[in-house]
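You will see two complexes here that share chain A, one where it goes with chain B and one where it goes with chain C.
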Partner chain A sequence: MADKATRAPTKAEPKQKGPPPTAVPPPKPKLSKAERRELQEKQRAAKSEAAAAGPSTKPGPAKQKPQKPSADAPPFSVAASQQGAAAPSRRRSFSSSTGPGAAHDIRSLHIFSHFGLPKSSSHGIKGDIHPAIVRLALQFSEFKIVGANARCIATLTAFKTLIQEYQTPPQITLSRHLMTYLSPQISYLVSAGRPMSVSMGNAIRHLKYEISILDIDMPEQDAKNFLCERINHFIRDRIVVADQVIQQLCLEKIHNGDIVLTYARSSVVEKALLEAHQAHISFSVIVVDSLPLGEAKHLLHTLTSAGIPTTYITLPALPSILSSVTTVLLGAHALHSNGALFSRAGTALVAMMARSRGVPVLVCCETYKFSDGVSLDSFTKNELAPAPKKSPNSTNPPNLHVLSPLYDLTPPSNITAVVTEVGLIPPSSVPMVISGRGLNQGA
Partner chain B sequence: MKNMDYYQSPRIPFPDITLTGTTASSSSLLPAIGEDDDNVGAPVPFDIHVAYRRHLANEDVPMPIAAILALTELITNTNAGTMYELVEALKTAAAVLKKRTPNPISLTAGCDLFIRYVTTYRTPTYDFEAQKAELVAQGQEYGRTVVRQCREKIADHAFGFIKDEAVVLTHSYSRVVIKALLKAGKKKRISVYVTEARPRGLGMKTHEVLTAAGIPCTVVLDAAVAYVMEKVDLVLVGSEAVVESGGLINAVGSYQAAVIAKALNKPFYALAESYKFLRLFPLSQYDLPTHNPHTLSFPSHVPETHPSNFAPSSPRPGVPSRTYSTAGLFTSPPTSAEQIIKNPEVDYTRADLITLVFSDVGILTPAGVSQFLVGMFAD
Partner chain C sequence: MPTDTKDRATQRQFEALVSKLRRRQLVGAHATAMQTVLLLRQVVSVHRMANIQELVHTVKSVGRELVAAQPKEHSVGNIVRKVLRLIREEHSASNTIGGSGTATPLPASAPLTPLDRSFSAHPPPSGPLSLGNFVLLGHQRHQPHARAEKHAHGSEDKTFITLKPVLIQAIQEVIDELETVYENVAKNARDHIHTDEIILTIGKSRTVEAFLKSAARDRRFTAIVAETAPSYSGREMAKSLAASGITTVLVPDSSIYALMTRVNKVILGAHAVLANGGMFAVAGSLMAATAAQAHATPVIVCTAQYKLTPLWNLYHEYGALDFSDPAAVLGLGQDAIADSVDVLNPYYDYVKPDLIDVLVTNYGDHSPSYVYRLVNETYDDADLEL
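Let's look at the complex of A and B:
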């Protein structure tokens, strides 16, 4: 989001959050502790960031793009903006959006207070955090790198840098020590950046597996090169090629005269639509958008630039336009093994309405986003969307709570088919793919 | 993953689709091969479609098996020197078959199965000619034995679900359904409603066979399915293909029978041999490979008629002569041949309308069919 990218968080923000931890009622001492620790980490991160990221990011800005990068563009071309680097990452919590009434907010909405909070184990930034990770965490928290694929590729690319610059201490082998070096980096990434996405989790698990099977006698540089090559292969096989297969499969499901509806912005769906257009299928697209992220505007821009007839609507207009839709194409953050889709908030609504009108709902999802967990609702695990930019003179009344979860959960009953690189499968076959393909070789 | 073991357990064992058979000694079992051997030296190029039609002429050979047999003939006729060339030749032949057949759904399942078998075929011998002979032998052995075995197993599975004094509704004509009904009819007192299945009227054939076997059987009009559904205990249909969604592609009319059965809470069972399992995921009727822009299209220009002149375009006085023919002669008025040609031959029944699928690999839920297919083809 262009407006978010230019946003300059003030230094006062973290200080505003001083009151909440102390004002939290005593029955929740754990939360307050976590909050305080959080704050300390932020401040510490801010200091190290200002010191480390400042000089290292300077060579970058030549390639700076106004848009957030898509999965195929190297995410590292986006350098952290200087204002962003100067300030600590914003806390995405209710308190940041309300100020004086923060204590009251936390009490009244505390069933959602775990949204976006990092796991309790992710403290302890001991030792050095690599500048690439610091920068990545910032880019995540500022929503400059958004999307499961983009975040996964960015993380793996950063890890390649880390691995190449890593020096094994004497008397220890790389395969035994590298993970202990990477673990705090990962912890930092999920505590200062955003919680780990399923895609990143699976990729990291794969990397751990590759490290664990390294031959002890392999020379250090060879081992590093080998690991980087394995990472490249993972990106190529599980993301890039998988996306190409998914695009081909989508092509078979988009016919002449179709009206395809999509929600928010998914890199795979975007590419599939462009591919179908290049294959001279005449179809039109309805892009559904919603607040606060407004991601679909970027999709709209891409599609209209390519010459695809596109309609832009917001979520409330969905029912009136749905009768003309032939297919719904959705992207995925993760797909749980019960077939439930974890995707951008609003997706569940779109899928439910489409199914109620008999419109087939297709979910484009690479198998590396499959999660072996089961999810039944979107409350147990979620994140908060960044607070929308406020005009400086508007003050929210103290009794106003802003709650915008980032994701929601679409039950499998509302999904017709999942388009994966192994073919179109019903959501009920997701566990079959997870077990059959050995999603994570390390498991 | 700590939960991995849990997901291993619901995995359905692979079917006995491996083309088990003996060695080349069985190559002369089919008379068709004898004919074909004459062609080997002849300048006439091998025509896969002719071979397919020839196999299909045999009453007992279903389309997927005819396709497999035609492909084995191709192996004997091809001069491919490597496995890659062979697979490419098979793929080309399969594409030709699909192109030249108006309804290639069922045949595609057979082609896919055989090509997949060939691609995964591993043998210790390096003699490629011997490998080819082995493939041909196994393909023919499969084609010769599998049909009867499958139908036998399916009839056994269905037997337990057909209770004494059950009233069964079936649609059109299906060899496997007939087999199941005959088997059940021997031990239990069942009665059968069979749909007429316009326009081909194959339901009359079912009626004939069952009546001859002493099973009370009544033909119902396709439009009367909802009428009889109340009295029906279970619906049994055959299939052209079972697809990846767990749904079913079958003669047109199956979908409406399934919808009505669901509405009245009657079990709807599909009978499908495992060689009819097809990697295809239709999203709707209009997403089927058989669908084309002419299917049920509106006329581009409507001739101007007086509003009162609503009689059929070619009214035939007197009793309409009803002719049932399997050869595709659509002479039953008042629907004209052009009107019938515009109509679909098959339709797609969604997975959520199907209670169970009886197959030679077991009694599967629609989700189980899908998992089976994913397990069979995804590797």
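Let's look at the complex of A and C:
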């Protein structure tokens, strides 16, 4: 596993390092906007072509092949080519415990092979990666920083450091070069840490937009300060203030005597519950927890120390207790434009059971977590939880595999309303909010 | 247990079983059924029976106390009902074959004994109208033994003593059936699973385990096992399946919905199957079955016949309301917050019949809507209420 992990970046490297040398010279001669776009398009096409053909033509995977049982390779190359450029380094064998000749095992498991695997920490650092990003990637991969909001804020904070310490090379303006400097950093963060969350993606897209509209004549330090200020504003407007508005909206939905059920741990839900408690609403909370992460224990600590009467159950116990529940409050990792909620694994079960009993399901989600993609199942994009420290695999028979997806997808039909900073909206209104956002902010 | 038939050893065995049930030292449908039938064999063998009614009365009263000790172990009552039916059948068979010519049909106007009254066409409701005697009222069946009991009542039955070895043998057959029940449920497993399927199951059910292992002899498939908190019995199940050569994937409960898109069938075990076709099963079953329905995935329930229970559950949709040790959920002592938190650990879920596609039993495969019929065939109407 370890040598495969160190190998992964070498194979991802040429692809990511590739663009800057070819991309840097062209901007020097002044190109028209159309020409630039054409060039970009060409590069993008070449890139995706290379990625599609990748596993069969590139030397990287070929080197890996002899290590694996021969039947192992084809399914993974198939999975990788489907993934395309989106997931450059997720091509590792699903389970190292698979014995040779177990062709059937591999076939049955390769349906899960495109899930992002937890990265091992012994990931080689290549090129000019800023220490703040290296640290952040480590914190992500070890789940020290978990949650869409926390990860987004941590990433943006690290980018502020990066921008302040960045020096524009001579003859190039900041707005032209900063992106080429940031791209490898982002790639490293995604390949060594965890796959990019939708929240981070939206924040980074916003940052790129801010960089692109920078005035070329602005002095460098002013531009840096300006960008950092824009990042601060993003964190303030889209996350902190948005959360406060969501808390206020939740307050209206929690009444005296209510029993609120929540799953896992969402920072927004946690704050909303504490806020309601401070507003002297007497309600009780049922906290539902499940592996792989068992995050709800932290929420339980917070709520009980605040003095909120709390009940703690594991996920299978949910149906027994659901008859007494008045409201279900859920957090979100992302909300797709078809209204489907991408959130911690188990959320879909909670929403489904609640809807089958007619309990309203409220999803707390800041609009910056809205994704313009459409998702139909939990399979196309998912991530695996890290294996527990003391692996139960050690004594397990060879054809026993452990799989812990981190996320699942709740269909919009199981969501009553989405609590956002723009109000309580039905999940079907998500694309409208996204398009509105696009008009206002260009993000 | 009536004092007149008490044998000291039997009494001890009886009391031990009652306390084990009450203290939940003996759990699980199969284990409790087995202990019950062993006790009943003992009770019948030491019973100084004068006539069938005394024996039926004794067995019933034993059963009643066992059920009262642990009402959630439905298989106890079911096994008692089954033994009672065997007693009645053997008795009526011996009467017709032995040809004590007095067993002539009684006129319908004959005065009914209290025992007979319960299965006459229009019995006065003896107690509050419960679902149990609602079933009783609703369905009238031909009762060959009614005449036999009538005949036996009041007079010393000469042939009855000779019946004892036959009864013991019949009970022994129930024991044999219990011992081979897993193989018998599993014998048609290959008809339900085909090559390359992905099967999801939860927790550890020995019936499902035997079913999957039997299917694995002919079919190559993948089993996904959910851990099923807080007991995490799924881990044991996964190990056992993998050890017998089945490709097994152990997943946390939270991923059931996410994986359901790829699952071909959900196979669940049951704790008790009710007359309406619903079932009580390990907590988590309802969630798995509901998720399966959301994805139009068939749900197969593997159950032995002794789990068929003549009870209806139309109203208690919200679980079986039986709770277990909370320490397993949130380790007590090690956590300072444990004092200020309510922790619940329910044993069972109630799964509605419309969530179940087929019940695979040791007596063939049935749809849930047919269970009421199986119940009627398996137990005597007179024994529905012990």
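Heads up, the rule we're going with is that the second predicted complex is superposed on the first by the 318 of 443 C-alpha atoms of A that agree within 3 Å, B and C clash if a C-alpha of one lies under 4 Å from a C-alpha of the other, contacts with A are read in each partner's own complex, and residues count from 1 in each chain.
The definition used in the following text is that contacts are C-beta pairs under 8 Å (C-beta built on N, C-alpha and C of every residue); 3 or more make two chains touch, one makes a residue touch a chain.
Note that the structure is predicted; figures quoted are calculated from it, not measured.
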item	value
First (chain B), second (chain C), both or neither touched by A:Leu349	second
Chain B versus chain C as contact partner of A:Lys253, first or second or both or neither	first
Touched partner set for A:Ala417, first chain B, second chain C, both or neither	first
First (chain B), second (chain C), both or neither touched by A:Leu362	first
First (chain B), second (chain C), both or neither touched by A:Ser429	first
Which partner reaches more residues of chain A (counting touched residues only), chain B or chain C	C
Touching partner for A:Asp408 - first (chain B), second (chain C), both, neither	second
Touching partner for A:Leu261 - first (chain B), second (chain C), both, neither	neither
Chain C residues within the chain A interface of the complex	196, 198, 202, 220-222, 227-230, 235, 238-239, 241-243, 245-259, 261-262, 282-284, 286-287, 290-291, 294, 317-321, 329-330, 337, 340-346, 349
Residues of chain B defined as touching chain A within the complex	1, 3-4, 7-8, 10-11, 244-246, 279, 281, 283-284, 286-287, 351, 367, 370-371, 374-375, 377-379
Chain A residues touching chain B - in the complex, by the definition given at the top	253, 255, 327, 337, 360, 362, 372-373, 416-417, 422-426, 428-429, 431-437, 439-440, 443
Residues of chain A defined as touching chain C within the complex	102, 104-105, 107-109, 111-112, 290-292, 297, 300-301, 304-305, 309-323, 344-346, 348-349, 352-353, 356-357, 377-379, 382, 392, 396-405, 407-410
